[in-house]
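Next, two complexes with chain A in common: one pairs it with chain B, the other with chain C.
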Partner chain A sequence: MSRHRNKARMETLPTQFLENQTAWEILTSEKYFKWLLLIPLLTILAVFAFYPLFYCLYMSFNEALLVKPPEYIGLTNYRKILHDPNFWTILGRSSSAVIVCVGVEITLGLGIAVFLNREFRGQNIVRGLCLLPLVVSPLAMSLMWKYFLEPQFGIINAMISGVGLPQISFLSTDGLAFATIMSMEIWKWLPFSIFVFLAAIRGMPRDVFEAASVDGAKSWYTFRRLTLPMLRPFIMIVLLLRVMWLIRLSDPLFGTTQGGAGTEVLDWYVYRIAFVRFDLGEGATLAIITLVMTLIIGAILFRQLIKALGTSR
Partner chain B sequence: MKNIVQKTMAVALGVFLVLTLTSMAPAAEKFTVADIPEIKNKKPITIAIEAGGEEDTLKPFIKEFEKKTGIKVNTDVMLFAVMYGKENIELVGGTGAYDVVIVEASWTNEWAPYLFSLEELAKKYEPEGMKAVQRDLGYLDKGLLRMASTRDGVVYGWPYECYTEMMMYRADVFENPTEKTHFLNQYGYELAPATAWNQLLDQAKFFTRKKGGKLKGKPLNHDLYGVGLMAGRFPHVQDEISSILWGMGGNWAKIVRDDTGKALGFKITERNKALLKAAFETYVALLKFAPPGSLNAFWDFVMAQFSAGNIIIAPALYDSCYPWMSNWGKDVGPGAKIGGAPTAGVQPYCGNFHFAVPKSAKNPEGAYWLAKLLGSYDVHKAWIGAGFIPARRDVVEEPMYKNPDLYKKTGWIPTMLYTWDYQYPFVNNYLHFNSSAFGKIYDFMTELCHNVARGALTPQQGVDKWVKTFTELQTKFGNLPVLK
Partner chain C sequence: MKRVIFWVGVAVLLFVFIFPIAWIFVTSFKGPADIMVPTRLFFKPTLANYIYEFYNMPILRELLNTFIVTVFSTFLVMVVSLPAAYSFARFNTGYGHLLFFTLTTRMFPPAVAAIPFFIFFKNLGLLDTHIGLILLYLYFNMSFATFLLYGFFKEIPEELEHAAMVDGFGRLTILRKIVFPLIMPGAVITTVFCLIFAWNEFFFGYMFTRTVARTVSFGLISHWGSVVVQWGPMAVGVIFTILPTLVAGWFMQRFIVRGLTFGAVKG
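Up next is the complex of A and B:
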């Protein structure tokens, strides 16, 4: 009781009177207590996020080969990477993965979510089955698809040749291999967009749709004019998260091509340079370039998300 | 008559005793767990082990070690794919995470600064000093031992497993009179396991047939391919291309030594370049006669294709793959027979693993004895029993392993021994066992060979890329220069 009274009094007293307070009283005051609560989080962030980030930045200006102390070389690593045609090829591949996967996941996810929103027999089973790819571990997923897609012994080719078509070398043909990797990624993450959109659709106010129905609005018109605008913040959330995750795409490569047949993407390249070749300077530079790109794209999308949230209210 | 019988029996008994004693004599010299002396340092030991059957085979011996010494042994089991990266960080960082590490032969030069040599360890812990170490190393193949040493000949670990590439082929097809006649008519020489890569190319072309074509005079119900290749972006593609290159008499780079044998640097000669281009061209040409999917393949794919009767020749498959194809022949058809021969040119990749003790080990004394135990005769016998190929000649040269009935369990031991002997004089010149940057070069070689195989680079572009990037990596990470 007395503590509450003290606190209340402290809030109203001029600053010079705080000098008479004990450190504990100052820290537990309303003004400072919130910061006290943030200390554990800030400490964790400082140790596990800011320090590695700044160390990574520092390393990117060094020739760091692990076997000898880092040597400052200025912007050499950046110059080397930005003049490397291989980097641009890989960046282009990663960018196409982002565009294709996000495009397909949002379009298809929205369509399936609208379909799943309807009442039908076995709806819960279908919804449950739709969720399955998301719970498969990434490594298991890549190995599973590798065996499914095997040209002569895989089940997919068995079905293809069963209908009289020629077998397809999905993971060893340039171009097709990367399309297959993107398909695996879409298969894995499509449920995410489906369920975000389904939850959003189910949470929409019914009265608006009932009013539209009474006014004789057709279903396509209702979808375009009501559902889609109200879904905009959710589309932005899926877009934001998936773009950031797809820039880090590498899981499907581990059990399948390991970057072969023209499937190497940015994250796999970073891993290979930093942790297979142990060229930590170049690896750190690639990581920083990736981070900057992610931050820029993330900031643009986040701004759009905030805008979308504003308009949907 | 009675006397003659008694005399004969006495002589026979004498001979038997002599034979028994002589055969026991070397066995008594062989190091076993019982020979481990009292170890003062009782700190627990952590050992890196490759995932799979290796762990199962080693476990009983590790338990015996724990029982004898009272030292607890922790095992850190990992996939080969992550082994270099994981161990490299711990070794270079001096973290002390491992007391015993697995070293692939081509990593030895790179990790030498972080490992105790066997001589250093023997001086400290062996009651007999280097004499005991040399005795045990004497049982190993000389070539494999060179691979497990630095370019200056310093041995850092106890080799325990090796993998030798060899050619596996359909002996029933090679022996078939119809096939032999057709081949002779078409190419003008006898059909036999290829001894040169251009012969292999002829055979690959000859045996590639469409469904409905004939093999041994009978119609095929599936497409048939001449060869199985491991052309995916995995380390094996560079093992295959290295086998072609070395088999043609080439090298990735020449090691230049002075009169005393001291290494001065590396040089990629015009001859090296020409032969590398020829090796790339041969590989690309062979790929036309390999099954679809070969550009994402490694040994499991080739094993599966061979077991299913889809290919006739696996030109450079690891010897230890055959014991894994336990059901070979089942799906191929009646009369199917597998044959084994050295790779064309007889200079395939023959790497090996050895157990070594890092300088950062918390219990180097215990680690030394554990590594020595795991390189001992008994463990090698267990290896071969489990379908792995050991590195000790006294084990693989035992008469029982010459029996072809056992090949399915042991691999083609005589072929492997022939390969080891044949290529011993060349091993000292292989880049793999001389560069201290090879861990990094190895990754690049994999990328390069795969890119040439898939046509992203022409053989000539592959050679140019090799010269440029090898020079960069060797200069950056190695401790020997690339000479002009």
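Up next is the complex of A and C:
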């Protein structure tokens, strides 16, 4: 309530002195100031976001094979991609990566955050160490795991044969290879959700939880009715960011399968069309299609996030 | 009993997250024969891989290049994102649409964004230069930084600024005396994130550099020849790639766990 009153006062205040405003006062009035602050961002956006976007839109309507000048072919590229069975397989694979990884990361992350949310000796060291995979470069991570997972001399297979089981070619078996890539991705990003949720839980007001325990609430009930609703905006943040990043998954493939063994995902397909087949037209079309899909998913999640942030204040 | 279960859980967590990183450190000290026998726990440590890496590979140059590009691009990201995020958070500029549009720059497949940039950079002579890569990383990190800072600015109560405004402070004084100190922890965290992301970025570095400005990630993948993979030197490369970010991660953890985040301001 009080906020609305303040806002009203802020907006009426400057107009009372409209006659004797200096240039500086005009610039720092709310109407102009907010755009003034955005000038650098808008400049960068204009160059680095609009230019590639329009270039791709233009290219997607052309047959562009690098060797000859682009030629207008209308919607042929779009028709080609939508009738390409590869595209649908890869789309399904990318979607499953998003769903599996995000699902595992959020549930496990929540569990581990609650698990670590207590005072114990060496707590800062344990938390700090658990955070480390997050900062490892995706490419270095994939090369590292490739070495660990080697069938002949990898440590993982050494452990497996130590128990008496046969060797497993993790990164060259169809199906298994993609599960391995998803596991690597989860290994790297699980700390992200742990650390966001842990920071959020630690920042929650204590008195509410004390009151709940005085009233004899069970810990599961407290978690469901108090912790979880308060965590909602943070879950949305993790969800939004991870979905956006997982759609763009491709770095781990460079160090491991290079798109082989049934691990090709959307971005790798785009890369292969554009840089291996040098078919810029089709590459651009695929980019536009994935962009539109991402935009729709992103817009839905983003709206939910803004809503969640709004209710938490 | 409960304590035992707890510590077993902690041990499992630490093993899963730390063992792979520790193991690559161990591997870097192994000679070619020991690398092929992972179970050999007691081996003669050798610096051969380090010597090879530093004498035969341009890793020092790559590290320096990555450092320059990372620091400058992060600085530019903060210059662009701090005011923008403040504008989005405080004045709701563009009613969320513009913020969303900023986010969309990361939704574009980098492989395709790379094509127009490549032509653009070629015409300007920016290929294989530090400036070119700095600009690309500015584009790469800007949206995430703005988004993160937007959240941090949102946590600063508007009432503080309104009160100062009623007391007759100008916009710049309010920014300097109220907003800036309160956003500091958030800005530091965002800076660390940007540094890490830029340092770890692979694709643009791979596509836009050759020799002069090539990054550590590029150097890493060059160990993968057409016939053999040089595992030993690569392990050294991996260590030098991840060491700076591990140190930064440790630093960030302390910032967050000490509760310097929004918790205190929120009430």
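The rule is simple: the second predicted complex is superposed on the first by the 273 of 313 C-alpha atoms of A that agree within 3 Å, B and C clash if a C-alpha of one lies under 4 Å from a C-alpha of the other, contacts with A are read in each partner's own complex, and residues count from 1 in each chain.
One rule holds in what follows: a residue touches a chain if its C-beta (ideal position, glycine included) is under 8 Å from a C-beta of that chain, and two chains touch if they have at least 3 such contacts.
These numbers come from a predicted model, not from an experiment.
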item: Chain B versus chain C as contact partner of A:P138, first or second or both or neither; value: second
item: Touching partner for A:H83 - first (chain B), second (chain C), both, neither; value: neither
item: Touched partner set for A:I237, first chain B, second chain C, both or neither; value: second
item: Contacts of A:F275 with chain B and chain C, given as first, second, both or neither; value: both
item: First, second, both or neither for A:A261, with chain B first and chain C second; value: first
item: Which of chain B and chain C A:F153 touches, first, second, both or neither; value: both
item: Residue contacts with chain A in the superposition, chain B compared against chain C; value: C
item: Chain B and chain C contact sites that coincide on chain A, given as residue numbers; value: 152-153, 275
item: Residue ranges of chain C in contact with chain A within the complex; value: 6, 9-10, 13-14, 16-18, 20-21, 23-24, 27, 35-39, 79-81, 83-84, 86-87, 90-91, 93, 96, 98, 100-113, 115-117, 120, 135, 138-139, 142, 144, 146, 151, 154, 158-159, 162, 165-166, 170-172, 196, 199-200, 202-203, 206, 217, 220-221, 223-224, 231, 234-235, 237-238, 241-242, 245-246, 248-250, 252-254, 256-257, 259, 261-263, 266-267
item: Of chain B, residues touching chain A in the complex; value: 84-85, 88-89, 92, 232-234, 291-297, 304-305, 308, 310, 439-440, 443-444, 447, 450, 454-456, 473, 476-477
item: Touching residues on chain A, where the partner in the complex is chain C; value: 2-3, 6, 9-10, 28, 30, 33-35, 37-38, 40-41, 44-45, 48-49, 51-53, 55-56, 59, 112, 115, 120, 124, 126-140, 143-145, 147-148, 152-155, 158, 162, 187, 191, 195, 199, 202-203, 205, 237, 241, 244-245, 247-248, 250-251, 254-255, 266-267, 270-271, 274-275, 280, 283-284, 286-287, 290-291, 294-295, 298-299, 302, 306, 309, 313
item: Of chain A, residues touching chain B in the complex; value: 63, 65-67, 150-153, 167, 169, 171-174, 177, 256-262, 272, 275-279
